[in-house]
Amino acid sequence: MKNVPFKGIIAYPITPFHENNTINLPLFKEMVEKLILSGSHGIASLGSAGVMPYLSDEEKEAVTEATIQQVNGRIPTLIGVSNLTTEKTIHHAQFAEKAGADAVMIIPMSYWKLTDDEIIAHYDAVASKISIPIMAYNNPATGGVDMSPALLKRLLEIPNVTMIKESTGDVQRMHYLRKELGEDVAFYNGSNPLALAAFAAGAIGWCTAAPNLIPELNLDLYKAIQENQLHKAQDIFYKQVELLKFIVAKGLPRAVKAGLDILGEESGYLRNPLKPLTEKETEELRKILNEIRY
Amino acid sequence: MKNVPFKGIIAYPITPFHENNTINLPLFKEMVEKLILSGSHGIASLGSAGVMPYLSDEEKEAVTEATIQQVNGRIPTLIGVSNLTTEKTIHHAQFAEKAGADAVMIIPMSYWKLTDDEIIAHYDAVASKISIPIMAYNNPATGGVDMSPALLKRLLEIPNVTMIKESTGDVQRMHYLRKELGEDVAFYNGSNPLALAAFAAGAIGWCTAAPNLIPELNLDLYKAIQENQLHKAQDIFYKQVELLKFIVAKGLPRAVKAGLDILGEESGYLRNPLKPLTEKETEELRKILNEIRY
Amino acid sequence: MKNVPFKGIIAYPITPFHENNTINLPLFKEMVEKLILSGSHGIASLGSAGVMPYLSDEEKEAVTEATIQQVNGRIPTLIGVSNLTTEKTIHHAQFAEKAGADAVMIIPMSYWKLTDDEIIAHYDAVASKISIPIMAYNNPATGGVDMSPALLKRLLEIPNVTMIKESTGDVQRMHYLRKELGEDVAFYNGSNPLALAAFAAGAIGWCTAAPNLIPELNLDLYKAIQENQLHKAQDIFYKQVELLKFIVAKGLPRAVKAGLDILGEESGYLRNPLKPLTEKETEELRKILNEIRY
Amino acid sequence: MKNVPFKGIIAYPITPFHENNTINLPLFKEMVEKLILSGSHGIASLGSAGVMPYLSDEEKEAVTEATIQQVNGRIPTLIGVSNLTTEKTIHHAQFAEKAGADAVMIIPMSYWKLTDDEIIAHYDAVASKISIPIMAYNNPATGGVDMSPALLKRLLEIPNVTMIKESTGDVQRMHYLRKELGEDVAFYNGSNPLALAAFAAGAIGWCTAAPNLIPELNLDLYKAIQENQLHKAQDIFYKQVELLKFIVAKGLPRAVKAGLDILGEESGYLRNPLKPLTEKETEELRKILNEIRY
């Protein structure tokens, strides 16, 4: 099998800010530490949960370094380096590699909808400039382009594109990936409410910000799947599905921050234009979290 | 639990025609017999696979009687009685009950998009005129209306609406049904390519025309799920997923007829405007079936 | 130019029922008479507004005869003859021709989504059995299939398919029809809220149930367009756009009936499962009609 | 009426690059000059056509200054200042005002889908920091969020939000804007293929990159509308509609560059990952341009 450093629960920290709009790096490191201590199998910084597109180049570099420093080799690290231009994507991918990341995650960000050939050339250009593996990430809702299964297949022909993260929310895409690309292809689920269906379909990992709030349930689901215990996995999944739907519906940074507030943990500030959940939304989340805990 | 006569594999026969455009009832009965002998847990006539909307009232009645006669109580029978008007729906539901059906299936057929209140009144009117249970069927692609989870919840308050068949192809609907309505609600999967995900989500049955072509694989999937063997279920599912996708993509009556032709079994004629698969489509199906068998 | 009997405002009567669920033919004839007297350029029975799919064969025939009798050659008549099966479509098309209709309207009704070839064969079979012209009708919302511009182009090669009614609500479809098929193709607008945009794009007629309620405004819009008075057409359009949107949003039969009630005219009963507008919806309609009249 | 500096044809230059990936400012100025000389009524830099999101802060500032310098007060200038974060949007809006822009254009760029309240707060924050008017721009395809008519209405309550640019491609949105917000609201069409329908609906301007290639046809359409010549406007529109569809389908920067190449004018380079049109696409464009010119 190709170079695939991840499996299981890949946890996504959010990026907390100070009130003055600068990143709260000490708090970020604490968040990463908590994710590691709770048992996550990997750490992925600068994803959607980490509001990567809202950060300056310098801020992205600071978060990258803080992540790798804090993880310190205990579990593998994945760094988001997506950018609208190819040049900038290469810059951040090279930075991540030098800083010690185990892999980078790239979504073909799209203002002008890219053609398949433009997407291939984009990944190719980045891949040729680094030696660590790339996780290609498909999420039309945030990236603006929906990579077809046929395109994903072409991407996997680039030697260091070794992993695919699917976030369309359509489990049939995963069937295609497994069926068409063979059991060897490493595909990851990025759609929280599909966690059970995706594992049932053969996903080898789950990319999720949920461990910021409910790490045990996330890890237990993976464990039940590993142990071939479908009925147990079903029970564990239904305990968390409301939370998974909620954090996706409200947006990960806003929802995770509110959840941390409810749990009595430090959460920092959001960066404008993102605002805290309304009181009503917070109440709904409190109810969901309460039902999970008792 | 409520009156729920079905679980497992509920098999949908197609309706074969003579060349002169009348129904080939002897062949229909043979098809039903084959489905029973192969181990199906229930028979559902006059569904989409059975081109119910293309039949006259008399033809629907003949198929209803032929089904119940042929099954002869060996397994439970489900009869499709949907109609654009409430009056006709009542007529066919009463006919099915008198003929000995165990339950009827009703989709809110929609030319003018019905409001939630119109749908409730429609089911209510039919339910009050029969005493056998009703399976409410949600399939926006063929019925023209997408019943929300909230509406389905309201429908289940009607005493003899005891079963829900979900065919939107969105596994999250099933999560909602299970989560919101409790473990007691009997929901069935009507989306063939979602068979594994639906069982993983807790569906108690699979409504499918696939047993006309690959009954063993359909039954084995259910058995693996029953035995809590997720990994085995996954293997069995991936053996059949291409066929499941194909018969949905090409339309059940056309695809099942072509499959029977390939398998060397009698298939009858389609009713216009439906036409046989093209040669190229048939070749594709032959390849899929060959891969399954060897 | 081909045989194109229609232009201007083609008015669609609804089909009123008695309380006992039979068609109120005398009232239907009165409705047709009012549409003629108000100046409509054509009458189209058994359309969506006339709940054609909810009627039995005998009822359709009765409405056909009543229409032609009442119109009595004063303006051209168009009869809807669409049916799921080709055989029944031929039956009703032949009946309409014998009864004296000037043209028939056919939408490719679709339970199982038809392929392009199936649609062509369907129209071809009907066209070969009648000698009056056919208006092909594209309305994915009610017919279940969206005929592409390329398919419409193929349809127009059938000699007596001479008119196209476009109801997708996408004005770009009309651009295509005009640009691709030439100025000679007769296309009609079937999307009420697009009336102005469609005339601006070159539609030669507007198929609409609105003249049941506001015939003068509908006719004045057409007149302004004929006279090349864009700014006047714009003013007239904005006077009626709220009503046009309302009757589409609520469904033509329900909305027209409620409007007639408000205007103090006889409206008959709806056929189940269709129900009268709620009180709140009726109030909204009353407000819209009041604003139009003062 | 509020402060509305624009009407008619508002022309969008592209941003050309040198082969070494830096902006070709002299060529950019030439392009702006050509747009002015051909008769455009306004110039809008740093729009989608100008690949604004692909530029660094410094590059945006350089383009802003180059635009205002070159236009030199001859016609009004509109500068795109949209950014994912509120802070950066304020920065660029203030820069544009100081540089002498007549107005700024802001689309609520959205990675995490913004709530209505977040969008209002975002505009409010920017509006309070500048004194020139703001054009609010709705384009779900590039911005990732679809502002409802109700939200646009709220936005217009902010004093210096005085203009709305609608690019959903749905002419009914424009009906709503005109009907609901009154004749005084200045709305602009940003969907090229809707140019005729939008003017018919009352749009007071057309924001378009088409004048880079066919300025006369664009200006003639506006003139015919001004003169109340619907039939003439129709003819002029149908002469250019194929080109309008093409440049939207292929993406404005790529299509305009290819068109300039065909017309024998200097076009510069695209910034990666954007690539030139394929040979086949270029051939298609050449054919469209040839048909327009002869």
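We just call them A, B, C and D in the order they show up, numbering each chain from 1.
One rule holds for everything that comes next: a residue touches a chain if its C-beta (ideal position, glycine included) is under 8 Å from a C-beta of that chain, and two chains touch if they have at least 3 such contacts.
Please read these numbers as outputs of a predicted model, since none were measured by experiment.
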{"item": "Shortest path length from chain A to chain C (each step joins two touching chains)", "value": "2"}
{"item": "Common touching chains of chain C and chain B", "value": "none"}
{"item": "Chain C and chain D, separation of their C-alpha mean positions in angstrom", "value": "38"}
{"item": "Interchain centroid distance [CA atoms averaged], chain B/chain D, Å", "value": "51"}
{"item": "Whole-Å gap separating chain A and chain D, where each centre is the average of the chain's CA atoms", "value": "35"}
{"item": "Numbers and ranges of chain C residues touching at least 2 other chains", "value": "none"}
{"item": "Graph class of chain-chain contacts, one of line, ring, star, complete, other", "value": "ring"}
{"item": "Chain B contact footprint on chain C (complex, rising order)", "value": "21, 48, 51, 53-54, 84-87, 108, 111-115, 117-119, 121-122, 125, 141-142, 144, 251-254, 271-275, 278"}
{"item": "Chain D-touching residues of chain C, taken from the complex the two chains share", "value": "169, 171-172, 175, 178-179, 193-194, 196-197, 200-202, 225, 228-231, 233-234, 238, 241-242, 245"}
